[in-house]
Amino acid sequence: MVNKTEKREIIARRVAQELQDGDVVNLGIGIPTRVVDYIPEDIDITLHSENGFVGLGPAPEPGKEDKDLINAGGEPVTIKKGGAFMNSAESFILVRGGHLDITVLGTLQVDEKGNIANWMIPGKFVPGMGGAMDLITGAQRVIVATEHTIKEDKPKILKECTLPLSGKGEVDLIVTEMGVMEVTGKGLVLKEYNPKFKLEYIKKKTEAELIFPADLQEMN
Amino acid sequence: MKESSFAEVVEQIEPGMTVMIGGFLAVGTPEKLITGMINKGIDNLTVIANETSYPDRGIGRLVVEKLVDKVIVSHIGTNPVSGKQMNNGELEVDLIPQGTLVERIRAGGAGLGGVLTPVGVGTKIAEGKEILQIKGEDYLLELPLRADVALLKAWKADRKGNLIYRKAARNFNPIMATAADKVLVEAEEIVEVGKIDPARVHTPGVYVDMVFAGGGDGE
Amino acid sequence: MVNKTEKREIIARRVAQELQDGDVVNLGIGIPTRVVDYIPEDIDITLHSENGFVGLGPAPEPGKEDKDLINAGGEPVTIKKGGAFMNSAESFILVRGGHLDITVLGTLQVDEKGNIANWMIPGKFVPGMGGAMDLITGAQRVIVATEHTIKEDKPKILKECTLPLSGKGEVDLIVTEMGVMEVTGKGLVLKEYNPKFKLEYIKKKTEAELIFPADLQEMN
Amino acid sequence: MKESSFAEVVEQIEPGMTVMIGGFLAVGTPEKLITGMINKGIDNLTVIANETSYPDRGIGRLVVEKLVDKVIVSHIGTNPVSGKQMNNGELEVDLIPQGTLVERIRAGGAGLGGVLTPVGVGTKIAEGKEILQIKGEDYLLELPLRADVALLKAWKADRKGNLIYRKAARNFNPIMATAADKVLVEAEEIVEVGKIDPARVHTPGVYVDMVFAGGGDGE
């Protein structure tokens, strides 16, 4: 078994491999934020922060925080050389207008039709969607980066989401500690699996119907 | 003369008003104006803002003081008090996707009849809303938002009300500046007319009604 | 009779009296542009130029023209201290959103219902509307500054415009060399007249029905 | 690397394309790109721009050279050749109110389904268009505009494609930067990354595909 820290590392590392030189990318809160640590040094990625800039850089040294420079999660950050500030309307022109190559988000549920639900559990947990619905609808490619199950047993990857949706049929790729799944017209294809898990076990922990292709690979 | 005292500016805000407040998680939010509202107990407010920030910072402080009846925001998750009041029935919460929210405010300021956005199609957000099919795609008709007053936080203002926002503190501020009957500004610093390059102005002074110098710790 | 130069001066001077301290104003090409010469020195008016700034100033000294600073008519201008540049979308937020107090325009035709036609004569003259339709619809107050007739005899102020409209029921005030007319729910009220013209003559040169109020004044 | 040669940039523009061109009466228009198009005889163009400027400057030169089949503009009055070609049936002219034109381009770049504007209601402009009644007011539904390429004129660009426009040369340029499949920029000067303050960028480099240094006589 892999522990929580290892899971998160596996997921973030694998998502980073999806990024290509020149991509404009928005990384959500949680596991997606950690993707930045695994981006190959030889490619140039521009990170978008929906509170109003591109060129998101690493956290500042302690004591060097700028009160007017946070990321969309409220943490102090820096802006890289060649970055640009913009207002919130301009920030969402970038998102909604298809100028964002990839958005990486966590989720509560995701399903084999590419539906995603990550903004509320009615009556229990209602944080709101923030910029997530715009990101899911607007980005060229939506990658869900999430642990495969809720607390080892409850499936997150469903036949059909039961929670209120954030976006309908928008998800392209799901990356978990167990594998990499692509949403296709035929259903959810397991493209890669983590050999630390047996295929039967992955199948059991996935409510959605998984298609095992002939060229199924091991996950790096 | 647009320059005013803090007291004169707070005087413009009345109980029951719809108030737009700039900022994103308390960055770019006029904290002194919020303190002024709390000290005067200006209540029954409807607040339009990105989110309700934190219990001890920004807009969240108005929620904690129970001065707010309703919020129109994209997120309340960073302020547990908002969620608690929502569950108690003390606070009405209208959750709106962030890009739709800012575009609805822009439409309110731009004299447009609404926003046609693909965001929210096929979700709970679309319930009760008109859907237009344009070139084979579905778009939600989202209506413009306006407020009685907009409360903004600028870095520098000149005496004509021209504003510059600092770094990521820009966010909703310049859009809200266009969409309220009265625009009230807390600037870190007020400078002479001519000290701000016309090419660097984010909000032209023609949008601003009153500005006061609130100090701050900018660069 | 008054000559063309005098007419234009009478109109521009009278329109200037409509401006109040603090107003944001757009002055169209032709007679409206000349209004600026008659603005009282003790009031502060901000002029909007729809190509992208507020704080329009006078023409530069010869040789001091800036290639990137023209008004909406293409003439070299200056920007005043306290002015601000903006892009064209922002310029029309200002116009359409009701942030412009007054727009002053010339016209081909205007009528007693407040309709105005100033962008084309089908088959003859089709320059286009530029920003005029936005200005007419968006400004809080629309003032038409025009000679009373076309070439001494053909009425411009009609019962109903015959040319394609630029705006429907949007005109508030018409200022000509003969008088000042307000568009009201009851019709076109001659509020002031130029005593150089007989009332009968003004009536004859106006196709629209003119209402003569009890408090009819002489024009300054 | 976004920086390209003049020839490489002109290479991107093909006969029959829909081309957005920045500028207002030739201020903020990429004159060298236009010369390049004329020299190569790139024809059958549809041009989206504010107006057709003058016969000897800016977009007007493309019209004079008969490279343009159709213009989508707010005005043709400053270029008598446009009117003449329109009357001859050589040039199709789609006249659009300026504020509607720029907002339609913005909608094209912002992923919005259209623009709901009160401008043009009750006029010839409304003919054949859908009218929506919202809160008792009528609004025209105007559709988004996009282009194959946008040709922009910047003052300064850095090597990542971040752009600053000078004074009133800003106009349509930053809006068009969002609404074309390929964005090509003539900058007066290209500077190193880091030389442009992130707070002063008008068009972030993420929108720009290619930029060349065209020189100029800026301040």
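Think of it as A, B, C and D in the order they're written, each chain with its own count starting at 1.
We adopt the following convention: contacts are C-beta pairs under 8 Å (C-beta built on N, C-alpha and C of every residue); 3 or more make two chains touch, one makes a residue touch a chain.
No experiment lies behind these values; they were computed from the predicted model shown.
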Under the touch definition above, the chains in contact with both subunit C and subunit D are B
Which chain's mean C-alpha position is the greatest distance from subunit A's? C
Geometric centre distance via CA averages, subunit C-subunit B, whole Å: 35
For subunit A paired with subunit B, centre-to-centre distance based on mean C-alpha positions, whole Å: 29
Per the C-alpha centroid definition, the whole-Å distance linking subunit A and subunit C comes out as 56
Please set out, as single numbers or ranges, the residues of subunit D touching at least two other chains. 103, 106, 110-112, 117-118, 166-167, 198-199
Give the residues of subunit C that touch two or more other chains, as numbers and ranges in rising order. 53, 79, 85-86, 92, 96, 138
Which pairs of chains touch, using the document's own definition: A-B, A-D, B-C, B-D, C-D
The subunit B residues in contact with subunit D across the complex are 103, 107, 110-118, 132, 134-135, 137, 139, 141, 143, 166-167, 198-200
For subunit D, which residues are in contact with subunit A within the complex? 106, 109-112, 158-160, 162, 178-179, 193-194, 196, 198-199, 201, 204-207
Seen from subunit C, its contact residues with subunit D in the complex are 49-53, 66-70, 72, 74, 79, 85-89, 91-92, 95-96, 119-120, 126-134, 137-138, 164-169
Across the complex, what residues on subunit B touch subunit A? 24-28, 50-51, 73-78, 83, 86, 93, 95, 97-100, 102-103, 106, 117-125, 155, 166-175, 202, 217-219
Show me the residue ranges of subunit A that touch subunit D in the complex, using the header's touch definition. 24, 46, 48, 53-55, 79, 81-86, 92-94, 96-99, 138
